[in-house]
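Below, each structure is written out as structure tokens.
In what comes next, chain A is part of two complexes: it sits with chain B in the first one and with chain C in the second one.
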Partner chain A sequence: MIHDFHYLRPDSLQEAMTMLSEYGDRSKILCGGQSLLIVMRQGMVAPEYVIDIKHLNELNYIRFDEKKGLAIGATTTHRAIEKSDVIKRRYPVIADMENRLASIQTRNWGTIGGNLAHADPAGDPAPVLIVLGAEITLASLKGERTMLLEEFFVDYFTTQLNEDEIIKEINVPVLPPRSGCAYQKFNLLRNDMGIVGVAVKVTLNEAGVCTDAKICLGNAGRVPIRARKAEGAVIGQKYDEKLFAEAGKIASEECEPVSDIHASEEFRRHLVSVLTRRMLVAAWKAI
Partner chain B sequence: MSFNIIGKKIPKKDAPFKVTGQALYIDDVELPGMLYGKILYSKYPHARILHIDTSKAEKLPGVKAVITAKDFPPHFRIGFMKDNPPLKGTKVLSTRDEIAAVCAISPEIAEEALDLISVEYEVLQGIFDPLVAMREDAPILHEEVGSNILKLPWRLVCGDVEKAKKESAYVVEDTFTTQWVTHCCLATSGCVAYFDVNNNLTMYSNTQIPSLAQNEFLEALTALGLRNRRVRIIQVTIGGGFGSKLDTYPYEYIAILLALKTRKPVKIVFSRDEEFFATSPRQCTITKISQGCDRDGRLTFREVEMILDNGAYTSWGATTPSVMMMPISSLYRVPNVKYTATCVYTNNTYCQAMRGYGNPQATFAIESSLDHLAEESGIDPYDLRIINANEPGEITPQGFRVTTCGLKECIEEVAKRLNWKEKRGRGLKKRGVGIASLIHVGGGARVYKSDGCGTIIKMDDFGKVDVFTGASDIGQGADTVIAQIVAEELGVPVEDVNVIHNDTDICPWDVGVHASRTTFVAGNSALFAAKKIKKKLLEILSKLLEVPPEDVAIKNGIAFSKSDPQKSIPLARALRRIHFTTGGSMLMAEHFYDPQNENLNKEFRGNLSAAYAYGTHGVEVEVDTETGKVKILKYVAAHDVGRAINPLLLEGQIYGGVLQGIGYALSEKMIYDNGYLKNGNFLDYKILTVRDVPPVEIVIIETNEEAGPFGAKGIGEPGLVPTAPAIANAIYDAVGVRIRDLPITPEKVLKALKEKNKG
Partner chain C sequence: MEKKLLRFKLNGLEYEIFINPKTLLVDVIRDHIGFTGTKKGCESGSCGACTVMVEDMAVKSCSVLAMQVEGMNVTTVEGLEKNGKLSPIQEAFLDYGAFQCGFCTPGMLMSATALLKENEGKVLTEEEIREGIEGNICRCTGYNSIIRAIEAVSKGEYKEG
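== the complex of A and B ==
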């Protein structure tokens, strides 16, 4: 049962930041509640103040600029991202990922900011955004700071967010020419949390040689993990399924999955290996 | 025969109420002065209770009563074996054991009060494996029973299995295991109990067995010193049952006692968490099965030994072997049969009825083993099934008298639609096909002393019909089907028939909604009651129309002369005519229908049901050999239903069954770790969602069962009975591995593939 709390509803980002600076760790930001309410119901989190920012339209936007790339405001819902024309056109991997994120009801309520702040290593958006090179902007009364999304995650359910900070925006750069992306999670049910998930982005030169590769593994460690050694194995190489299989094997060795009720560590490593290979193939073919 | 209403796809009568939120579920019941009850469960799966201190909880403002085992009569027990005290005072045997309960002016206060109750335990070694519990040196969980093996010697012997085994050309033997799965009702369990000034009890309840619950609560009142009282059960809208509400549970007795103590209505509604860990799942089984056939593929014998994890207490789950016997003895023609089942107490959750009532576990073993036998004998699995298919008119070894039987048609139809001959055995693209069949009771099941159901019908001044039935609608559509049957018989529009089923003060007795019996039994009861009222109606109309009764017909609420249709009268006018006259009358009728079926005798033989339902499922799967994931490409479910009263609802039942069955086969499992449930939520318990629904093709085979209402047989449970083995058989056809343990997870498939490749 959820403990009593004060419900606060700021009218602006400024007001929200003021509340945060006042209540600090006695408060929690509510931005859709698809994760927060669950942990509150389980009694794992019992904030005195809940600051609801879901309605803040100043953070509810999807903008695309040919130079600056994609900007998504923190209160934008998963459903809005899934259905966005510009995202479907420019970053189809994000729209596809969102389409398989939980149920429509959850996507209608849940927001990108809320999802990232919750920092569940099984979350779908982070691996995809990380391979796309996304940055995250955090704001507080003291000012703003921007970092690579992959640096944002610290541990299970822990991020770089300070007590007085709020997620403001996600930025995804414009993809270089001849880039391809792919993401797949492995699960029993179509829209379930991933037992593991693998996102891949590759960029080729005109000769078809890979000049950049990013591989990010979801639910294969405490945070979304970049498989850097596996990336290293494919950079400078051409399309080669044998090589991709080798990269998969490398990725499976550099991740840190755990055994739980849904899968053993061994099975997770195996899946990382298979999915990494498959996503390399898929990313290459997406170019 | 041509019908006006039977066979029509009529939407569920209760659907508008449900989709608009008007339907009243247990959580919606609010009574003046109502209190909220909460239950304190055991911290440990096995422990002695040394001391319970409730004093702090009692002092919490807003708390109106706190009860423990001391508040119940010392020897009061519930359940099929009377081994379950509603509150446990000296010893706990599972993590769902109820130790104390509180009622307060709000659920939050009640919950807070639970935290203030301190319980001192002496933790005991738990037993979580039935095989360990069966060992002679295992600690006895129920001292009063004296053994962990329940005194329920399930044993069916027909013919001479040993001899047949020796004479068989081919014999296979396998062991299969199944998991705990839970019903996942959308509406959780709950009740509101209150006493009037005369100490008569009213229970708002979502039970599936109002009449039996009434009886059990009366026994409880007697035990509490309230003799000769009345118990009234008012059923709210039931958001799913699937067998879960086929018994009475400690929480109901707790609510009764709290209501008695406080003299206020007391509501207990389970949280989703409680619904997962504190309700009773389908029992897990260990099944050793051996089957044989002769050179021509004719089955010679079937031998099955089964161990069931009963859990800590005994509910109806312990009697599921009585239903497992049915497919074991009577699915396909098999002359020699031996079946034994042992139910074993453990410190796990105790098990209950769930859709199919043991049949899915037994059929998983039988139909998987049958494919093994097909391989062993070199006979196509389809041919093996056709050779042995049951036929109308046969009497099975257990003594079932098969009337209608469309099994062969079901198998043929499924094979045709699967393109069996083309696809089977190719293993192309790691795709494969599998089939499995079922038998189930389709004409009630005499598991209780009566298998009956009563109906009262009355007609009002406006030509409308009220049907008071003992049947319960748990979402399956009983109200709609009963309305159709009555409307067809009386010649009135189906919307003019109002079905009332929810109040034991008003409705006649019924044994409960189980055994796929409602359409058959309650349907027949309603039909015979309708025939009685129609006879009276025709006599009256004959006088009013001045034609002989046999010349009167009624259609769409208007009576007319068949020979001279000009002579007609709206029913409503006719009814008013005979009502508003000196010495007037109103039309009423009643009927109690009890099918011509038999209790199983001491040797577990007898014609359990008045008719039997058959069906075959076929599935095409694709297996990802790198991940072990199984994808269903096509699913065909053919069912012999006697007659489809309402194809829309019938298909709904089959769809629902198939999807529940696919969950059983591939994804659902209650994960218990040393007595603690680890996945009691919808995130971790993998029930299929709408996005996981594969293409399902439904084939309705009508055999027109003479004993059924307009020819119908039951269809509530069969939809999930053969699902798991059909899938398992298809996986084998696709990639050559046989998974003998449900659910068939990717990890298991992958492991089996690795082992196969090693070998």
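== the complex of A and C ==
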């Protein structure tokens, strides 16, 4: 049962930030509510004030610039991202990830800002955006600050957001030439949350040698985790499936998955190992 | 709790109601207005029985705060028929026996309608249809009859009106 709350409907980002500065941690921003309403119904979150920003069109946009890259406003729905022509063309890994995120109904109403603010370690967008080098911009009456998305997550369902801050935008840089990305989650139903998910980005030089690799593990710890040792094993090397299997093993040792009803810790580590190997192959082949 | 005014259109009719702002869309539709075609299943966004269309988009009405459809058009299964005639997808569901217990049917019809609207004039593949109803769970049919019904409408075997 959802606890009673005061419903606030700001007409602008400015007004939303003013409300946040007044009510602080007694309030909660609601956008699509596809995650928040569930935890409110379970009684885990019971804000006194709900600040509804779903209708704020000033944060509903997808823009692409050849220099600055991709900018996605916080209230943009998953479905809009999935269907965006420029994202399909320039960042197909994002469109594919969105296509497998929950159901069409959820994607139609749920938003990218809400998903990231919820900070469920099993969320799909974070690992993919992190390997792409995405940044997130937070805004409050005091001003804006931008950080790497991988620094945004602090703990289970906990982020760097201060109580007066709101997510404004997500930025994804233009990929260097000869870069490839891949993401896969392991689950029982196609669009379930991942029991484990792995995102990989690799960049090669003209000789086919890997100059940059980013590997991010979803639902293998409290927050999306960069597998830095596994990345190090791949950088400076050429396509080598034996090496990728080794990198998978390394990744499985540098994460901290839990055991729960869906999978044991041991099985999750196994999945990280297999998916890392497969995604390295897939990212290489995507170039 | 202070009640809030919500104005929206349901199946073409305008409604103005005062509600506790925590009320979910499914409860406004079923309990405040009285259209009980829309079903409550899991109440956690998993089963799709409560699917309605908001501005022709399928959404799960158990996971949408009613206040968020202010000024919008909402369609439920009751809004599919026109002038007393069932819509093409409803006719097709009957012909293909696309249900048994019927509990998922209103939500399934709304997802199918949204899918067909989005792809008007296009013949959908089986995979596209399966993807279109990915958010709706049916315990009875094994989905095949539902997919055949949607396929038939997509191929133009049923005409509006």
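General observations
Just so we're on the same page, the second predicted complex is superposed on the first by the 287 of 287 C-alpha atoms of A that agree within 3 Å, B and C clash if a C-alpha of one lies under 4 Å from a C-alpha of the other, contacts with A are read in each partner's own complex, and residues count from 1 in each chain.
By definition in this document, a contact is a pair of C-beta atoms (placed from the backbone, for glycine too) under 8 Å apart; a residue touches a chain by one contact, two chains touch by 3 or more.
Since this is a predicted model, take the numbers as computed values, not measurements.
Overlay on chain A: chain B and chain C clash in the combined arrangement. Of the two partner chains placed around the shared chain by superposition, chain B is the only one that A:I261 touches, whereas chain C remains out of contact. Judged by the touch definition given at the top, the superposed model places A:I51 against neither chain B nor chain C.
Comparing chain C and chain B on the residues of chain A they touch gives the larger count to C. Residue contacts after overlaying the shared chain place A:S103 against chain B and chain C alike.
Looking at the shared chain after the overlay, A:L271 reaches chain B, while chain C stays out of its contact range.
In the superposed pair of complexes, A:F186 makes contact with chain B only, with no contact to chain C.
In the superposed pair of complexes, A:A233 makes contact with neither chain B nor chain C. Residues 103, 190-191 of chain A touch chain B in one complex and chain C in the other. Partner chain B is touched in their complex by these residues of chain A: 1, 103, 186, 188-193, 261-264, 267, 270-271, 274. Considering their complex, residues 2-7, 9, 30, 33-34, 37-38, 41, 50, 52, 54-55, 79, 102-106, 108-109, 190-191 of chain A touch chain C.
Only residues 1-2, 4, 20-22, 24, 43-45, 48, 51, 54, 57-60, 63-65, 67-68, 70, 111, 114, 131-132, 134-136 of chain C touch chain A when the two sit together in their complex. For chain B in complex with chain A, the residues that touch the partner chain are 107-108, 111, 626-627, 629, 666-667, 671, 678-679, 683-684, 686, 688-689, 691-692, 745-747, 750.
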